[in-house]
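Have a look at the structure below before the remarks.
For clarity, chains are labelled A, B, C and D in written order, and residue numbers in each chain start from 1.
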Amino acid sequence: MSGSMKDTQDIPPEHPITLEKVGITNLKTLIKIDRHNQEFRHIPTITIHMDLDEQKKGIHMSRLIESVTELLEEEVVKKHSSLEEIGKDILNNLKSKHHFQKSGITISSELPLYQKTPASKKDTIEVHDITVEVSNDHDTWSKVLTVSVTGNTVCPHALSMNPGKTHIQRARGILRVETDFDTEIPLEDMVEVVENSFSSRVYTLLKSEDESLVVSRMYENPLFVEDVCRNMLALSRDKFSGCRIRATCISNESIHRHDVYAEGMVVT
Amino acid sequence: MSGSMKDTQDIPPEHPITLEKVGITNLKTLIKIDRHNQEFRHIPTITIHMDLDEQKKGIHMSRLIESVTELLEEEVVKKHSSLEEIGKDILNNLKSKHHFQKSGITISSELPLYQKTPASKKDTIEVHDITVEVSNDHDTWSKVLTVSVTGNTVCPHALSMNPGKTHIQRARGILRVETDFDTEIPLEDMVEVVENSFSSRVYTLLKSEDESLVVSRMYENPLFVEDVCRNMLALSRDKFSGCRIRATCISNESIHRHDVYAEGMVVT
Amino acid sequence: MSGSMKDTQDIPPEHPITLEKVGITNLKTLIKIDRHNQEFRHIPTITIHMDLDEQKKGIHMSRLIESVTELLEEEVVKKHSSLEEIGKDILNNLKSKHHFQKSGITISSELPLYQKTPASKKDTIEVHDITVEVSNDHDTWSKVLTVSVTGNTVCPHALSMNPGKTHIQRARGILRVETDFDTEIPLEDMVEVVENSFSSRVYTLLKSEDESLVVSRMYENPLFVEDVCRNMLALSRDKFSGCRIRATCISNESIHRHDVYAEGMVVT
Amino acid sequence: MSGSMKDTQDIPPEHPITLEKVGITNLKTLIKIDRHNQEFRHIPTITIHMDLDEQKKGIHMSRLIESVTELLEEEVVKKHSSLEEIGKDILNNLKSKHHFQKSGITISSELPLYQKTPASKKDTIEVHDITVEVSNDHDTWSKVLTVSVTGNTVCPHALSMNPGKTHIQRARGILRVETDFDTEIPLEDMVEVVENSFSSRVYTLLKSEDESLVVSRMYENPLFVEDVCRNMLALSRDKFSGCRIRATCISNESIHRHDVYAEGMVVT
């Protein structure tokens, strides 16, 4: 190929339609984060995309990968203190390699937290699913943080109909906070909001005394998915300002094959 | 419980927040459709939801299930001619049982189509993923139809760099059409749009002569995910009017571990 | 290609190693079954395989597909009365097209059953996951039937420690029966065994009176996963003779993020 | 409960049937490994199980969790040099807490490897799925190591029929090595065996010159899934002695909706 030839990506497409998002998805890599002097490591699944002008046939996909890998090399000195910070640096790096109007990155990973069991005070590690999205629209940066946390629901209706008895089940609370890039929202605070919204929070390790405490809490705090969802929204409203907050609770009903769910949002 | 007592669902919630969607998800059932005098059967996964007023603690979940099961009983005489028609009848049935402002149903299933192989003209059955959503907002009905169809991409850039040689891979095209309830959009037409957008359509059965035809087509028609996405949008624009159309192509690159994708939309 | 040339599949491989299973997987198609004069339709996921001699480079994959599609054409007159019967016919059809010593087919699908709710006696449709495997080894036929059914567990230990209170959760029972091809084991009987092994069976539709009945049953019948697993084995032992029976129960603990499980087998 | 009362787990079950495996599954935790002075971190999914005597109703599930968490506490001094070593220590810890005849642990995680691109010699991180199983049967220890690695296949039959043209697709090679606990099999060596078995290995980052090299390799090395499977077995046979080795290749055919696969084994 002669050096004067255009790259295939740069020729006009058959149909001159602007595309919103072109990029890479299901990319796995290794990310190290230095947070409050503690190293976190992630092997996330990453999506990275940009818009594509109606005059170009394609984007240069390898530059998206390079914008990621250059930042992650073992030799790199800069320590990132959060996934959103590294996401922003990747998009800035991408901007230096490839023209775009809008771009975004989604990093899905897990957050392991060291905790104590509620009664026996033993060590337990709790792992939560998290997603961090960073978007660049012309000169504006924004982010969306999502945590997905396991807990439970205890049916208040069944309890009112069958005194002392009800159905109980595992549930999942998903909290999504959209805000300016610079508003700091610790993922740990989001996890805590969700855990405090359930009939009871759950633990990986439970000795007999811990289990009794959790069982007791559940019967004292019967909640529909609607209640858990509203608890998440109410607790978030008090805690996170300047945000669009979306909460979903999905409950794996123990008396049905299907799940029930509730979803709502508040703007703070 | 005394008959004069309020159901738990009807008492005021702790946090008076309106919820957008409350309902049931991951519900499996059996649906029979009579279409052009041909019976289709689906065992779909269903989500059905309504909004919840800030003054009520919960919705009556069993009425959502009843609104589905009453229509599906073996004895029912009415033949539905499409999934969207049965979806609308379920929401109308629900309206007679439970107050709401907005409600919606999502039915995810598969569409088996009888086809002929391209050269040997043998019978082959091709199965595509489909989703039908029906929404009711006060007195307005709308619907969203989605098909997800397998095909392939052949890299034009690699072909320009390595004459006669390139990388080829399986890809998936997802076409989503949002429109008024009464605008008829056959799912088969949507499948055809996606199949005609790839480097080549694929077949379950391919005798040697068919395989040669498909291989030949692929090399004659190299396409990026961007091209496939724009093809879907351009072909849809010509075919479906009065719609918001979204197209996504995801390609399982044969030279990478990750996928590449392109997403765009047109309004017709 | 000249007619006298060998197909690529028939040339000797670089490494003359016999392969146990070569074939097709994740194949979706449409199967119609006529069972007790009632038509069942399946859109299963199919795996079909055969062994490969160390002297051949490959098998002829399109013949596997043809052995399926020829039987499924709309015009075919023969009505199959079960998935295992159609599986056997597919392998017999394959044998007429391609040499093998051993072959097998796995058909994964869903079984919708019409039921009545326990107290209100309303109609409800319950859908269970099923898998039917048929194997041919020289002249011997065998089959493996598997059902995967949702129910629940109620912890007897927590109930003994916290009188009247315990944790309850959704669970899944998986029953696998391996037997001669001709031993008739109705999938419905297998589903019933699993449902009767839980603390309570579950229903898609539950009116308030049904829900109270299920809640009441659960507290009267607290069971560990170990108990559910042994119930499945004990009930199967009484019902199915001449079989190797494997049972697994997985419980989605409502007080933990992880699941607990028990697995065992009996030969009858 | 009086201290002299038996735990519910220790009473005789209704059906005295020995169970093969009782335990915990889908447990997520954080594991740190010190390997050749390099720290690896895993957030694996863990299954841990033991057999259960016919005289006991249940096992003490919390002891399984404790056997894991005690080893993983931040303060623990001992550095484990591999996942199988930590698996063995967990089972030994479990043995000190709970009687069993047989037990096992399965740790599923990911292995990130730093590599160079083939032509441009740039840094790239490649992430592979791995599973490490350790089993204890009375006094005997064994292990099973599995890697699942992405690559590609290029159809030799289509190439022979259509000179210069063929279909190409992403494929997955799964290599499973079962051996004595003390036989050292580096996971990196297993990954290399799989990568060397494909038409070409794949890379996360490919600059244009790298892409051309990979494309060129693919056309020079057309392989069926059968060939890839036999390559894995032949290369493993030369490299790993004293093992039962199972290899599977699954190819996501670019001309079909379904996958093709081949599976075989050798004992070395």
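Keep this in mind: a contact is a pair of C-beta atoms (placed from the backbone, for glycine too) under 8 Å apart; a residue touches a chain by one contact, two chains touch by 3 or more.
Keep in mind the model is a prediction, meaning the values are calculated, not measured.
Chemist: Taking a step as a move to a touching chain, how many steps at least join chain B to chain D?
Modeler: Steps on the shortest route: 1.
Chemist: Go ahead and align chain A to its copy chain B using Cα positions, then give the rotation in degrees, nearest 5.
Modeler: The best-fit rotation has an angle of 180 degrees.
Chemist: Could you grab the centroid distance between chain A and chain B? Build each centroid from C-alpha atoms only and quote it in angstrom.
Modeler: Here chain A and chain B have centroids separated by 26 Å.
Chemist: Can you work out the whole-Å distance between the CA centroids of chain A and chain C?
Modeler: Those two chain centres are 35 Å apart.
Chemist: Please compute the C-alpha centroid of chain B, do the same for chain C, then give the distance between them in whole Å.
Modeler: 27
Chemist: Give the residues of chain B that touch two or more other chains, as numbers and ranges in rising order.
Modeler: Expected reply: 27-28, 127, 157, 161, 204, 206, 208, 211, 257-258.
Chemist: So in the complex, which bits of chain C are touching chain D?
Modeler: Per the touch definition, chain C meets chain D at residues 1, 7-9, 13-15, 17-28, 49, 52, 57-59, 61, 156-157, 160-161, 224-227, 229-231, 233-234, 250, 257-266.
Chemist: So in the complex, which bits of chain B are touching chain D?
Modeler: Going by the criterion above, the answer is residues 126-127, 150, 152, 157-158, 161-162, 164-170, 200, 202-204, 206, 208, 211-212, 214-216, 218-219, 252-258.
Chemist: For the complex, give me every residue of chain C touching chain B.
Modeler: It is residues 27-30, 41, 43, 62, 65-66, 69, 72-74, 110, 112, 114, 122-125, 127, 204-208, 211 of chain C that touch chain B.
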